[in-house]
Amino acid sequence: GPVKVAVAANVQYAFADIATAFTRDTGVAVEPSYASSGKIATQVLAGAPFELFLSADDETPRKLAAASQTVQPPKTYALGALVLWSTDNSFDGKQWQNWLKAASGKVAIANPQTAPYGAEALRVLDYYKLADSVKPRLVQGDNIAQAAQFVDSGAAQAGFVAKALVLAPQMQGKGRWVDVPEQSHQPIVQDMALLKPAAANPDARKLFDYLSSPAARAILQRYGYRLP
Amino acid sequence: MIRFQLQKRLSPQMALDVAATLPAGRITAITGDSGAGKTTLLRLLAGLTDADSGSLQVAGECWINGRHSLPPQQRHVGMVFQDYALFPHLDVRGNIAFGAAAGDAALVEELLTLTGLAPHAAQRPAQLSGGQRQRVALARALARRPRLLLLDEPLSALDPALRSRLQDELLQLQQRFAVTTLLVSHDIPEVFKLASQVLQLSQGRIVRQGSPAEVYLQGNAADRLRLNATVLAIQPADLLWRVTVQSGGSMVDILLDAEEVAGLRVGSQLPLLAGTLCPLPQPG
Amino acid sequence: MIRFQLQKRLSPQMALDVAATLPAGRITAITGDSGAGKTTLLRLLAGLTDADSGSLQVAGECWINGRHSLPPQQRHVGMVFQDYALFPHLDVRGNIAFGAAAGDAALVEELLTLTGLAPHAAQRPAQLSGGQRQRVALARALARRPRLLLLDEPLSALDPALRSRLQDELLQLQQRFAVTTLLVSHDIPEVFKLASQVLQLSQGRIVRQGSPAEVYLQGNAADRLRLNATVLAIQPADLLWRVTVQSGGSMVDILLDAEEVAGLRVGSQLPLLAGTLCPLPQPG
Amino acid sequence: MIDLQPLWLTARLAATTTAILLLLGVPLAGWLAHSRRWYKPLLETLVAMPLVLPPSVLGFYLLLAFAPTGPLGQWLQRFDIRLLFSFSGLVVGSVLFSLPFMVQPVAAALSSLPDSLREAAYTLGKSRLHTFVRVELPCIRPALVAGMVMSFAHTVGEFGLVLMLGGNIPGVSRVASIAIYNEVEALNYATAHVYAAVLCSFSFLVVLAVNLLRRHGERLAA
Amino acid sequence: MIDLQPLWLTARLAATTTAILLLLGVPLAGWLAHSRRWYKPLLETLVAMPLVLPPSVLGFYLLLAFAPTGPLGQWLQRFDIRLLFSFSGLVVGSVLFSLPFMVQPVAAALSSLPDSLREAAYTLGKSRLHTFVRVELPCIRPALVAGMVMSFAHTVGEFGLVLMLGGNIPGVSRVASIAIYNEVEALNYATAHVYAAVLCSFSFLVVLAVNLLRRHGERLAA
């Protein structure tokens, strides 16, 4: 049957392209489910039938490995990048720290408890000493995609989201964004893990390997990820 | 004096179309079959239902004029509903005081005394007997100092003894307040006792009108009373038959000849004429 | 023959404690005040309520013995409830056939014919008149071929004319099926007409028992009928007073002297003795 | 492009749930309508709980119970039954969640039937079961229909429980209410609008139908 | 350690929602109970919709409506009212969502009062408003209490709508049902258990109280 993949929300658009390419190349169908890394981990621990897990971090797959939920050690497939995104007309990418401080609207992040992009966004605020002015205005999405959705719908004035989301075709022409310097947060090392149910589906390993192929790496790069 | 002339369509087949004058300070009774329009007439007068056309003049004031109609709140009517419609969450005093003007506390107390409800002033309607409820409903209607008192079969749910007692009370209160009153009643003795005028309704129209004696007694009274009796037993007695019949609450044996007894069976209805009627000696 | 002796506590103050024999194939009537335990007795016999103790013997079979009791399903009783309890979703034939044995289709058709319900066989209960409903309930109970037929005031909701007609029909059907029957009734003529035995209940006990004549007629019948009349009008007539009274449905004038008229007012109750009673000439 | 699978899955889930509720809820309603046991109010309360319990709480406990490491999950695994992230698991959750919508109207209607109807059937020789199925249920058909329609509609509207229990697996647990949430998060508002419009009009028609049905029933009764 | 703020926030949200529902829902129930307008069934249907509508659908549309770029949001901003990610926004959503729990029992009780009670008050010179407040409402106190208790409890159980609208802000929108969801996802089951236990026992007691109250009312009526 199709490969059942649980995908961290930040990779949803990139993975859709990869899955299309994979199916075209191998004829194997893919069935993705998108959520925050934390929720996926909960569900895997509760026995979810996912075969492959693309996390937004390296810690969650490690935890699953420790709980003997994986069939082989996790492997890094991409390094994530954080951007500040806004659809507000006054948004100033060059002076984003001052703009953010002066602005009064809500700032969206992913739930730091369950989504690594959220946790790293908090680190960025601390690094630039923006915590005092921005923290009271933070709103949390259930995952990074909901954070992006808050920005897109105008519900939040700006948001720290994955670069991969703003580069997606759906987002073109919607607002402006600026790269958040890498030194302001921990590297977002995104690991993938082959889960126990994969033992029964050889195609899962095929997709696992395919994610390291030049074709997949090209797609990931196109979505703003750096490669391991 | 209250004068009205009102039209109201009740169904495709039937319309209420009545005109009458109610003598001031007196009781007018309305009788008529079920569905004749008695309750509807009361509701029109109270302003709870709107007339299609007509007029209603109360002591010079105009309450209904064509399609224009004063709301019930401004009419100063007192209505006693058949189910009494007492407010279950208020005690007796609260119910009576509900419609009284702010400065009329003395009237409320007077009504409590007049109706003998003073000892029950703090009870809720649910704790009252049927007769007590009826009194509360009447007192509540009077506390509004109405110009027109409307009573929809207020006594028909009560047993005969209580009914007779409350008729006396009703008459007393009505005379004390000298309020023009319209009373729906099916009970001829009640009408004779209370009303100075009777309106007999049928199919939405007044078919007879006048004093109770005029309406009921014109050539009706005979010198022999007609009774409906039921045959309980038939036994031979010499050449005749002893037939036990029941009428009202009591039983009597009568002797019938063979011809009269022909066709009679236990359970048959037997119309009787009672000749010599004499009053029973009163005890005590 | 059906013999029972049953005890059942109804409230802390009152217990049902009755014993009687019902003659086979005849109707026994039960009378008694409201709350005397009539319905409860029927329910005990039907198995719808459990007795505290006692026994019930039906033609050799034992339906109740101490605390052990046969469920209603196995008793072969036919019960006509006061509200008829017809099944609203079944038509008349469906209602009657509901309790009939699988092979008893002929009985269902016979009952439809006997009760005159054949033209209405496909109607639902909601489309029937009160009398028709009563017949369906009776036919349904009989379709079970009961050994004991229990009727809880089956006719009291009907008007007098219909009631009398249905009494005849009931008697006919009961005799056709020769079923031992227990009938709750408050109507003395009805008891005379239908029952061969009367059980009079009071406070859960049988206080009188025997044929209707024995129970009701021992020294009760007088030669003059006692009537309750109501005074409608009082007018002077020469040296006497002409008093118009009403009793039953008709009015009569009687002449009273000053002493007799003292204390009388319009609306007063006036007990009368009727002397010469003679049957009204029947029309036609 | 709109994927019809979530709508189809929703319909299948709602239909299965309603069917099971009919089999479980109607007998339960019958028991509640006639019983006089002291623990009847407790049972009534348990049945009504889903009306007020957060779906995240119920979902959490079902998640723990169904997990292969949990007691129930382990026991079920012996029979090779997995309730987590499976259609059957959603059905179990939905049945619990929609229980009051079936049981409450049916129990209310049953207990308002006059006792004499049942008793008449007993004296006519019919068992309790036969009486329940052939007399009581046909007499309360409107309430039964209302219960079924509301259970169906409420299952269609279920969200939090499926989010917690379902795992968002296409064809298994990605029902329409979840699909809307996904499409909103993927910023595909157009698709979300289509799903939402379908669900809204469906819910509206269903509730309108139940209201008109009830009004009709009342008019018949009067 | 367990954070008490979500529980306190939940209580505040439920209390505010119930208070507003009392002010809005009771007059609406009064209108529904007495009106004979042709559009009354439509309104009844709209009131009942939240029972069957997925919270994700309602949440989605409220999000679009409240967004500062949306029409309603822009208009509200003129008065400096922000309903997104705010306590007030959750209150608005909760009021919509719990509306049937207040309106339905109150409307049912009002329409079962005999008309003569109102009419008696009118003939005694009292206005419609005075009659509604001083006669009708006191007569249906049990239904009013039931409506309040159920609205409160249903708001406590709200999840999907808050997830969609709230932004998970501590002290503003992180209510207990959301907190449970977070703790479960963060694999902090112990904390989740505490929140869930509090909510479960609360719901149970509330529904039990309503059931006993209703039974008591029925016994009084009989």
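Each chain gets a letter, A, B, C, D and E, in the order it is written, and its residues are counted from 1.
We take it that a residue touches a chain if its C-beta (ideal position, glycine included) is under 8 Å from a C-beta of that chain, and two chains touch if they have at least 3 such contacts.
As the structure is a prediction and not an experimental result, all values here were calculated from the model.
Figure out the least number of contact steps between chain C and chain E, where 1 means they touch directly.
2
Using the contact definition stated above, find the chains touching both chain A and chain D.
Touching chain A and chain D alike, sorted by label: E.
Based on CA centres, what chain would you say lies at the far end from chain D?
So the chain farthest away from chain D turns out to be B.
Using mean Cα positions as chain centres, tell me which chain lies farthest from chain C.
For chain C, the chain whose C-alpha mean is farthest off is A.
So the centre of each chain is just the mean of its C-alpha atoms; given that, what is the distance between chain A and chain E in Å?
Here the centre of chain E sits 37 Å away from the centre of chain A.
I'd like the Å distance between the centres of chain A and chain B, where a centre is the mean of that chain's Cα atoms.
Those two chain centres are 85 Å apart.
Find the geometric centre of each of chain B and chain D from their Cα atoms only, then give the gap between the two centres in Å, rounded to an integer.
So the centroids are 55 Å from each other.
From the C-alpha centre of chain C to that of chain D, how far is it in Å?
The computed centroid separation for chain C versus chain D comes out at 49 Å.
Note the residues in chain D that touch 2 or more other chains, in rising order.
63-64, 184
Residues of chain C touching 2+ other chains?
Answer for chain C, listing residues that touch two or more other chains: there are none.
When you check chain A against every other chain, which residues touch at least two of them?
Residue numbers touching two or more other chains: 42, 45, 141.
Run through the chains and report each pair that touches.
By the stated definition, chains touch in these pairs: A-D, A-E, B-C, B-E, C-D, D-E.
Inside the complex, what are the residues of chain C that reach chain D?
46-48, 71-79, 81, 83, 85, 87-89, 98-99, 140-141, 144
Residue numbers of chain D touching chain C in their complex, please.
Touch residues, chain D against chain C: 114, 116-117, 119-127, 135, 138-139, 141.
Please output the residues of chain E touching chain D within their complex, sorted ascending.
41-42, 44-46, 48-49, 51-57, 60-61, 63-64, 101, 150, 153-154, 156-160, 163-164, 176-178, 180-181, 184, 189, 192, 195-196, 199-200, 203-204, 206-208, 210-212, 215
Can you list the residues on chain C that touch chain B in the complex?
160, 164, 167, 188-190, 192-193, 212-213, 216-217, 220-228, 230-233, 244, 246-254, 256, 260, 265-267, 269-280
For a test of understanding, state which residues of chain A touch chain D in their complex under the given definition.
By the definition above, chain A touches chain D via 4, 6, 9, 12-13, 31, 33-35, 42-43, 45-50, 141, 143, 145-146, 148-149, 152, 170-171.
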